[in-house]
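Step one of this worksheet: look at the structure below.
Note that the chains are named A, B, C and D in the order they appear, and that numbering of residues resets to 1 at the start of each chain.
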Amino acid sequence: MEVKLNEIEGIKISEGMSATDLVNQMRFAGLQASELRKAVEVIGEMKQENAVLILTFTSNMVSSGLRELFAQLCEERFVDAIITGIGSVEEDFIKTEKPFLLGDFNLDDRELHEKGINRIGNILVPNDRYIWLEKKLKPFFEKELEKQKKVRRLLAPHEMINDLGKETSDKNSFVFQCAKKDIPIFCPCPIDGAFGLQVHLFKQDHPEFGIDVSGDLKPLANLVLHAKKTGGIILGGGFAKHHAIGANILRGGFDYAVYVSTGSEFDGSLSGAKTREAISWGKINEKAETAYVEGDASILFPLIIAGVKG
Amino acid sequence: MEVKLNEIEGIKISEGMSATDLVNQMRFAGLQASELRKAVEVIGEMKQENAVLILTFTSNMVSSGLRELFAQLCEERFVDAIITGIGSVEEDFIKTEKPFLLGDFNLDDRELHEKGINRIGNILVPNDRYIWLEKKLKPFFEKELEKQKKVRRLLAPHEMINDLGKETSDKNSFVFQCAKKDIPIFCPCPIDGAFGLQVHLFKQDHPEFGIDVSGDLKPLANLVLHAKKTGGIILGGGFAKHHAIGANILRGGFDYAVYVSTGSEFDGSLSGAKTREAISWGKINEKAETAYVEGDASILFPLIIAGVKG
Amino acid sequence: MEVKLNEIEGIKISEGMSATDLVNQMRFAGLQASELRKAVEVIGEMKQENAVLILTFTSNMVSSGLRELFAQLCEERFVDAIITGIGSVEEDFIKTEKPFLLGDFNLDDRELHEKGINRIGNILVPNDRYIWLEKKLKPFFEKELEKQKKVRRLLAPHEMINDLGKETSDKNSFVFQCAKKDIPIFCPCPIDGAFGLQVHLFKQDHPEFGIDVSGDLKPLANLVLHAKKTGGIILGGGFAKHHAIGANILRGGFDYAVYVSTGSEFDGSLSGAKTREAISWGKINEKAETAYVEGDASILFPLIIAGVKG
Amino acid sequence: MEVKLNEIEGIKISEGMSATDLVNQMRFAGLQASELRKAVEVIGEMKQENAVLILTFTSNMVSSGLRELFAQLCEERFVDAIITGIGSVEEDFIKTEKPFLLGDFNLDDRELHEKGINRIGNILVPNDRYIWLEKKLKPFFEKELEKQKKVRRLLAPHEMINDLGKETSDKNSFVFQCAKKDIPIFCPCPIDGAFGLQVHLFKQDHPEFGIDVSGDLKPLANLVLHAKKTGGIILGGGFAKHHAIGANILRGGFDYAVYVSTGSEFDGSLSGAKTREAISWGKINEKAETAYVEGDASILFPLIIAGVKG
């Protein structure tokens, strides 16, 4: 054990203190508090070293108020690429027009269903959001089919999502900001969710329409291979997490990695796997700076970013 | 509250008792024990009503000894379709030739990396497994590219996986059994993992090679739409879970659903969402019979199946 | 890494198979399945080495059908001492007369409150159970006060609980079985719960009545100090867990320890602490055989005992 | 569903923003963020209504930097009573002289044991701390025994802990601050931990020494019964949580309650029980304002207090 041992330091709260002060006080507080502060440190190093920064998240975070923070970080070009699910894209897009609502975890789901309201934890999405999405996606797919015919190949997910971002000018949309700032959004699983359902329906009349997921591989590989350093901010689990760390195998692993997760390790799931498991695979480099903070990103991620911004 | 109230009944263990007896004793034991027994009941009803049964799982379960149980259930045509990640497929395929090893959750990952051993929880996969996979996939992709050219369209994931199943004759492989019994394996995210990496490498020389994920949608939709009843056994979370329940929106939701999960509800994640959340969406029918058992499927699923088999 | 590496072995389920066969198949299945099988092994060694076996559990387990299994293990003198909360004792005692009921985790708690029904997860306890308890405890405390006066010192928790066990002849009561078989039940926190409330009310009229918790220390210490070997089966967390491992500091730690828990490690809580954390304290011996199974004891403990009984 | 539906609002982070601003932005952010903001609101109401405020926590929080925040809140008389484990008391007392150290969750526990270092999550406590404690407790127990003889009854935990607080003048000690401000610390389980071990050793020479836990009941009952309103801030689980809500049965339940927890509901454990379960018991009033925030208190509690202080 050559770990240098700092003393545990106490936290004191004063009126009007800055969020950064609060986070800085957590540095030697122990438990998850010091892990959170370490995450701030690791991200600070990523930025200082100009690492290519890949951000991943799951769609429930876009359902929440994190969506606007993601958009902010894209607008500021804080991140260089995003990997996420198609649910994130469709919900971000819906919110350009229609907000989601704050409900409660314990609402009666049968009652909600009768009222045409869909629940994501304590967040509610009335059906009209999806009707609106359907109306928007139909002509969008027509345009994409035209493009497909012109380029004589199926489009890749990141291309379609980039095109979708151009359909809006909502500054609070991360899909818009990514399109504007040329930040690729990779999505290895684009036919899930409401988007996928609309693909299915559109395909009934246009069987030639399709999505070639393999088209995302080269730009992601190039991004990772040409970078001097890479850093990952991995919020939650799922394939977004795995795809990000998996791509970094090509270069011997991420140089910096911050995980924020509610997953559990004991079931061997990827979602709950710690940063150290990724080291065995070469998905995170042996010498990488890493932090793992356990808890809900809706609280932890804003706090981390507040710490990073200082 | 019109719930009928049974008395909590105690559990007694006797030497040599059958697994079914044990599970049956859990019926009125409360906590997760009675939930597990309810899962047995719901699956029993699925089978009795000849519901089209969709099984979903995550790849860590294939890393474990559940793989052979999945293969058994496919061989017995207990299930009608599988939705899972490409990691499940590649690990099942590797195991047709080379076993995984039992390690420990606390092994030193840097040391493992030096030795060329990858860790999945307490399961170990030496690098030679992936070298073998690479050797097998290259000629396989060549065949698939031939096929692609012949049919003049990109292949869908379920088609490729079906072809892969024909490359082995390992009875303990669920990919083999599915190919043999014509059980489709849907995989909305086929370019993740080692399989995806090999797609990327193959594509360097064959840029025309691709995978059209949208090709999985119609057969899955038809399966669900033409069924009198549908039942889902959803092990773990991720897109496999979401894709299964999402497809059932087309018919007003699953008629029967059993979830086994370690996910948490408080973060609004799909992986931790309870069956009742899916009811708000119409992904599970309002009148469906459901059960939700919390815990690791490596223990719970064999126990449930033992209970179902009686 | 000198860990011997076994191959992961698959699980197959056959009709009528014994619970032990099922558990034995988990031996090399990986994830929690192999941890559960290891728990069976460690307990087997405890018994073979005639280790003094301390069983700890939390009161929710007594609310469930595990109560009767605890009673069985006491009747069989499988265990040598129990450490638990007073809630376990009072619920066991109530059940000698009146059963608990199986409800649902999602019942409306306001409605339940109006109906006079108390909820423990999916287990229900109507108020009359507590009224009955009150009626029983009043004369019991009178007897204990007499005894207190006679011995001229306050009684210790294990003495009172032993006396309470003599008030019933319910074979399914672990408090009864412990009294009958002279198995001490240590309870370092006897004034919590309904029992504590009744102590408070009784004390209004008898301020001289009291409970000297320090009286539990010597018999527990002696048990641990005079044992050739000690083994712990620790179900759940809380002070019961800590008290058991803490007492074993006196002898250099448990020689065998099996934890079954749903706690989490990341918060530094004792309830989620793994067996290895206890090694740093000397609460579990460095050379001890240990297993840690994550999940709900209502399922896992019967399965483990079925495995142990063979 | 008469719940008023607010729109989900996005979070934006600016340099130097106050912690309160950050927390306020979480109000309509959904998931745990909005739960955290609700906790701030509920505590604000407690204070405005001059509710008698009971704070409970587990000892791992005192191991962390929360100890000093607890001391601050006692010094400010923000709280009216504390319920916690004896581990909290002994660790607070040790820290008056000797700090704990920041380690790592993954340190080698056998190596730590050889070096005489005890681990609590990622917090380390060298053995000399406990040797120091032993030296301090021996004369302390002698004084307490004198007092016991003088008052002719065993002392109650809250009396002893109050006396212990007078043995130090460390402003960062909550035990000191409570003694100074006459804030009772109730501890229904005082013979656990190192304190309990020392009681055991002292008792070898002084068998007449004891602790009457029943002596804590009346002052706690009186506090609760004479209050116009009561509010609970319940950090973590265990008997401290249960004792606080249990005592409030006497008055029809807490009027305000905030839980911060990492526990799980599915196992029926008290530690993971939600506020609504307590309503069925009358431990929290049907009309109470409540919030439940899931996650590690080392991060969440400072953030909540920052929000409360404004």
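Structural remarks
The criterion applied here is as follows: a contact is a pair of C-beta atoms (placed from the backbone, for glycine too) under 8 Å apart; a residue touches a chain by one contact, two chains touch by 3 or more.
No experiment lies behind these values; they were computed from the predicted model shown.
Looking at the partners of chain C and chain D together, the chains they share are A, B. Taking A-B and B-D together, the chain pair joined by more C-beta contacts is A-B.
Chain centre most remote from that of chain A: C (centre = mean of CA atoms). For the pair chain B and chain D, the distance between mean C-alpha positions equals 43 Å.
Chain centres here are Cα means. That of chain B falls 36 Å from that of chain C. The centroid of the Cα atoms in chain A and the matching centroid in chain B are 24 Å apart. Residue positions of chain B touching 2 or more other chains, listed in rising order: 30-32, 35, 60, 63-64, 106-107, 112, 121-123, 264, 266-268, 276, 294, 296, 298.
Looking at the complex, you find that chain B touches chain A at residues 58-60, 63-64, 85, 87, 105, 107, 109-110, 112-113, 117-123, 153-154, 188-193, 196-197, 199-200, 203, 208-218, 221, 236-239, 242-243, 246, 249-250, 262-273, 276-277, 279-282, 286, 296-298. Residues of chain C that touch chain B in their complex: 1, 3, 5-22, 25-26, 28-36, 60-61, 63-69, 71-72, 99-104, 106-108, 111-112, 115, 121-124, 172, 276, 294-296, 298-300, 302-303, 305-306, 309-310. Across the complex, chain D meets chain B through its residues 30-32, 35, 106, 264, 266-268, 294.
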